[in-house]
Amino acid sequence: MTGLRASFGFRRPEFSLELDLDVPPGGVVAVLGPNGSGKSTLLGCLAGLLVPDTGTISLGGRVLTRSPRTHVPPHSRGVGMLSQDALLFPHLSIVDNVAFAPQSRGVPKARAREVARRWLAEVDAAGFGDRKPAQLSGGQAQRVALARALAGEPDLLLLDEPLAALDVDAAPAIRALLRRVLRSAAERSAVEGPAAEGSAAERSGRACVLVTHDPLDALSIADRVVVLAGGRIVEQGPTRDVLAAPRTPFTASIAGLNLVAGTANADGVRVASGAELAGIAAADVVPGEPAVAVFPPSAVAVYRAGTSGTGSPRNLAPAVVGSLEPHGAVVRLRASGAGWAEGVTADLTAAAVAELELQPGSAIELSVKAATIAVHPSGA
Amino acid sequence: MTGLRASFGFRRPEFSLELDLDVPPGGVVAVLGPNGSGKSTLLGCLAGLLVPDTGTISLGGRVLTRSPRTHVPPHSRGVGMLSQDALLFPHLSIVDNVAFAPQSRGVPKARAREVARRWLAEVDAAGFGDRKPAQLSGGQAQRVALARALAGEPDLLLLDEPLAALDVDAAPAIRALLRRVLRSAAERSAVEGPAAEGSAAERSGRACVLVTHDPLDALSIADRVVVLAGGRIVEQGPTRDVLAAPRTPFTASIAGLNLVAGTANADGVRVASGAELAGIAAADVVPGEPAVAVFPPSAVAVYRAGTSGTGSPRNLAPAVVGSLEPHGAVVRLRASGAGWAEGVTADLTAAAVAELELQPGSAIELSVKAATIAVHPSGA
Amino acid sequence: DAEGAADDGAGAPRTLTVFAAASLTESFGALEKRFEAEHPGVDVTLNLGASSKLAQQIDEGAAADVFASADEKNMEKVTAAGRADGEPAVFATNTLTIAVPPGNPKGVRGFADLAQPGLTLVVCAPQVPCGSAAETVEKSAGVALTPVSEEQDVKGVLAKVQAGEADAGLVYVTDATSAAGKVEKIDFPEAAGAVNRYPIAVLTDAPQADLAREFTEFVRGAAGTEELGKVGFGRP
Amino acid sequence: MRANGRAGGRSPSSAVPWVLWIPAGLGLGLVVLPVLGLLVRSDLTRFPELIATPASLNALQLSLTTAALSTLFSVLLGVPLAVVLARSRVRGIRLLRAIVLLPLVLPPVVGGLALLYLLGRNGFLGYLLDVTAGVRVPFTTTAVVIAQTFVAMPFLVVSLEGALRGAGTRYENVAATLGARPWTVFRRVTLPLLLPALGSGMVLSFARALGEFGATITFAGSLEGVTRTLPLEVYAQSESDVDSAVALALLLVLVAVLVIVVARPRSLEGAR
Amino acid sequence: MRANGRAGGRSPSSAVPWVLWIPAGLGLGLVVLPVLGLLVRSDLTRFPELIATPASLNALQLSLTTAALSTLFSVLLGVPLAVVLARSRVRGIRLLRAIVLLPLVLPPVVGGLALLYLLGRNGFLGYLLDVTAGVRVPFTTTAVVIAQTFVAMPFLVVSLEGALRGAGTRYENVAATLGARPWTVFRRVTLPLLLPALGSGMVLSFARALGEFGATITFAGSLEGVTRTLPLEVYAQSESDVDSAVALALLLVLVAVLVIVVARPRSLEGAR
């Protein structure tokens, strides 16, 4: 088995998608990207609902699409998809919705219903089996749709924001379920120990492409991350690496980190305006080449303008408070200013905000210790 | 103006909703609650799409519903709603979708389109004006639907998970927009200073009920929080108070805090199994009455079983690693065990997890300093 | 009332409305043209349909001038309702004939042959004139017919013979004449026992009573004889 | 759909703009008043006697049987045809769509003639049937069913096709990604979602078949108990006795409405 | 809906199960073969001469005008009626729904009779009109339009009602929460979303009106240039010459299909 290999182009009047994507059997790739970056379009092409204009898609060595001639229809691809809308069949009961996939594979009705009830129990929707989809709440419908997609036990599972409408209690449970179902047996045993039990399908090593806006999903379910922007892959790699050392502002804001792009110099990064930001350069940084400086909001100290003194932090910049937003236990301040200070975020305690009497518009100074700044070569 | 006063009951065969809810003019109430707790049903009743079986709903002193006779139809309630599905009119262009509400109020077409384009720009969807809804991505459609609901400039705005499908860059921007639009002029000027500019409608002090699963939305947009469970209000109050001192496990898990329920005693809380958890009791805790102990995951230290020693932390309990999940920069460990340790979460660094060689199933000991534990009287 | 109101002498167009049985379509069409040629400024409008329907329409107050019926029964309905001005006059007769497909595949020679087994026969329903005539002949000739279809009108019978679907059909001479070349006509003596008579009458409410009388005379006169004779009608 | 009828417990009566009641009332009047007029004019006391003749009852029974059969055939042939026309992307499908409209517009008598030319003894299909199987179609009850199907099926096809286009293909796409073959998709998704439209379409084609006159008499003839359906009987009666014709017609209407109202399953009402 | 036609650039040809092609082909054959047979049997070279008579052209023009008018009236009265029937929760609406089916089943001749009984000089509405306004309806072009509307409107109503029930009310609810009054909702949401079904319904009622014979000849008579529409002309022609009747019928069919295919706006195709 070679898993999924996709390399294709798909064009719309104002949008084009062009990418190379490999997912090994048992691998889970998270696709991140801003709204409209082409994530759903990608899934549509993989599922066979859209026909790429160029390129090839193959799964387990079998060619699914080779433009312009070969196009295996969706139902014989072995690809299952959970789309962004739940789209439960309105005329079937919940249990029959979920039993639809096994029945389509030829499982007899009674047996398929059994399977369906098991999946419903997995997503904590066992109680709704006999209702019609119109009688469910948004989150309940979402869970049922996920159960339906999983019950298909496809070789390649495509999930488009499976956790978007779920409540905070349900989300971790579903996340755990996905992890259990998706991770290959080999990998799972290392994490969960020999106690882990799973059906044959769970051990089959199916590949999965997971679209999400939540870095937590990516971190906890996926092995690899692909970041799309404008229909192109702008970043990819093992999940932790990408989120720890993001090279695009989008990935950085997903990971909650600050990211300042510029040109590498001996000491760190020089941004377009000429300002410099000192940091610790990674081994592969070449002075003169594009590079990014990455640092967490918690590493950014804030002073009222003119009160920063001269201490150990080497990076200092004047700025203005742009916005203040509660962020968990802390308050996240977004600065606007010149040079590298533009758009930098800092996490402060509420007490600090009160003490410094910070308000949007307040003049401040940002200070970041160079030791907390990592400099990476930048992709673009 | 008296804002929204609602006190009604709505029954379905297997579900009933029964609540009292007041929202002052300019007030924003966040409604939290598990899937299926009745949040959308509540909005439906307020919007006039569902007819309560008992009770009264009034807005600005005007009776909207007094069961069983009075029922002001949705279109003359002055209530606008963004439902969980975007439901953009498929036959209208994006700009006409947004212009629909002003046009319904009698604004001439050209002017309504202008208004629409302004709102589209606000939600960063200005570029799509001439497309049809079928040509948008999920998140784009969601933003347009929000713009459409806002363009109606209703006296009472009902938003059902307005940010669910948005990407990480868009969400803070939209959150800021909502804050700007929703907060009353008085309150806003205190936060954003005199520089804040806003249209007449923005200053009008409209009331808003916001359904969300994200505590960040609640914290950053709402003044008050209402927590629904099974169709009843189980908790309510000013947002920060509720999230800082949650009294139900659901609210606690929203806020990311640990919550242990039991009976108050002199020193803290005694749980059902007899185990005790020492903490700092709030003034209104009565020994012998139900109480909850609340503490953040970061306050929980983890040791391999038998290695905890005897230091200052007074609360110690044996447990087993249930799950390990990356959670932002840290790893969140969920313990299973007896007494108060059951279900408690602890945030650890990845380094600590590696060093302690923690895996699901590893035997551990949890330790929590009593000083970090707050004890509140519990609602139920 | 706009219908035929003469405002300035002979030049003004006048409309004469004639309700005529459908079987008169061809002959009355020709008569219409000739009458119009002789009466400049007169427009004859034909309303063609089943006699029963026309009688009904007259009964419901249709503003017609002349009614030419294909049978006396329907004319009686009109006279009984007091809608006819004076006694109706019979202006044409019609008799039954046998129509067979070209070449007469079943070799039909007379009425009795219609009862032969294996012959597909089509007749009119007893409710319509050609059907009641057929019934009369059947009784008087003592032959029991077993048609596969009792059609609503002669055209139905003719269509099936023409299509070769029926081996024989009982139709009127006039119909067989107008379909000459597509069907063959086999006259039989028993037909004389059931002659169908076409009466014509001016109606009481006729907007153009004078013109109507002129038209009836025209139909009963030489022109009528000529045109009606062309398609096979007999004279009373 | 989940959001389709969010209405759970009680939902408010959907607001029909009151201005619409005016044209709606006029439309209803156009339909009801003539029928009322008919009732007023007819001598209701004579009804039983007029109706309970063997000829009428025969005709009624024949009409119901043949109309039911031709509705069945319309469904069996028309549903697939509608699906193909609405969903297939084969070249020339637009032309086919126009062709299906033909029998809608063809005067029924000419339609009957066309059938006669095709299936009659001298027609090319009829000749084949006669020679190979000894089957002759005209003047049989089969001919009635064929004639009725010919005129009624297009009503079903056109109304279904409209519904199919309006519904879009998203549920069908979902079913395909769940591994359902086209046939399964058709049977378990397309068809059930089409039920309300199928209900309307069946009513239309049943009604059209039941009222069919011209094509039937031209192609099948009119023989009591074999091919003389109720409309043919009504027509024949109207030659001699208008009152009994009207009585018969009202009987037809009554029976038809009963059949439609009673037999129409709830599932076809769209009240999901 | 957003997800309605996710297909953007190219989407694969929707999979029609191949088994469906068999009944679909049969259905198409049932429709096409008879018409082909008709074409084969008729002498095409004589067509122009047969058709280009003043009588035929008059009839054609009259047919197109009256059918267009009655389609218009069917829409004006039938759309509101369908909306009221599908959306209103007034008691007794089920009965009204059954009543609308009446003209569908009434043999057209009896329908014509009913109209005559109502609007004729002796009918209660006809008498009123005659006495108060001096208007006599029967035997006028107006009568043709009324007869055609009477038989054609129910087709529109039934097919629209099915579509309305299938579509549900969620977009209408959204519009209401945006402050749109019922009339605005109807005009800007209900109606546009109904367009594909309205397209089918209009085709059906136009076709039915164009082919209408029985009710017209009974109620309006058959006066050349005034009430003799093409089907009536076909009937009249068939008295003397079946061939020219067939030619005329084919003309009718051709014109109708052209009108329907050409005039049917894209917006009614459901290709949103």
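Letters A, B, C, D and E mark the chains as written, and numbering starts fresh at 1 in each.
Here is the rule we go by: contacts are C-beta pairs under 8 Å (C-beta built on N, C-alpha and C of every residue); 3 or more make two chains touch, one makes a residue touch a chain.
Since the structure is predicted, the reported quantities are computational estimates derived from the model, not experimental observations.
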Set of chains whose contacts include both chain E and chain C: D
By the touch criterion stated at the start, how many steps lie between chain C and chain D on the shortest route? 1
Can we say the copies chain A and chain B touch using the same residue numbers, with more than half in common, or are the two sides different? same
Which two chains have the greatest number of C-beta pairs in contact? D-E
The distance between the C-alpha centres of chain A and chain D, rounded to whole Å, is 54
If you average the CA atoms of chain A and of chain B, how many Å lie between those two points? 23
Rounded Å distance between chain B and chain C, as computed from the means of their C-alpha atoms: 87
At which residue positions does chain D touch at least two other chains? 1-6, 8, 15, 113, 117, 170, 173, 176, 181-182, 185, 193, 235, 238, 242
So chain C residues touching two or more other chains come to 53, 56, 159
Which chain B residues reach two or more other chains? 40-41, 48-49, 73-75, 83-85, 87, 136, 138
In the complex formed with chain C, which residues of chain D make contact? 113, 116-117, 120-122, 138-139, 217-218, 220-224, 227-228, 232, 235-240, 242
Interface with chain B, chain E side, in the complex: residues 1-6, 8, 170-171, 173-182, 184-185, 188-189, 192-193, 195, 272
For a test of understanding, state which residues of chain C touch chain E in their complex under the given definition. 17, 19, 22-23, 25-26, 45-49, 53, 56-57, 60-63, 155, 159, 162, 178-179, 182
So in the complex, the part of chain A that touches chain B is made up of which residues? 33-36, 39-41, 84-85, 136-140, 143, 160-161, 164-172, 175-176, 191-193, 195, 213, 215-216, 219-220, 240, 250, 253-254, 256, 296, 323, 325-329, 334, 359-361
Touch list for chain C against partner chain D, complex: 50, 52-53, 56, 120, 122, 125, 127-128, 147-152, 156, 159-160, 163-165
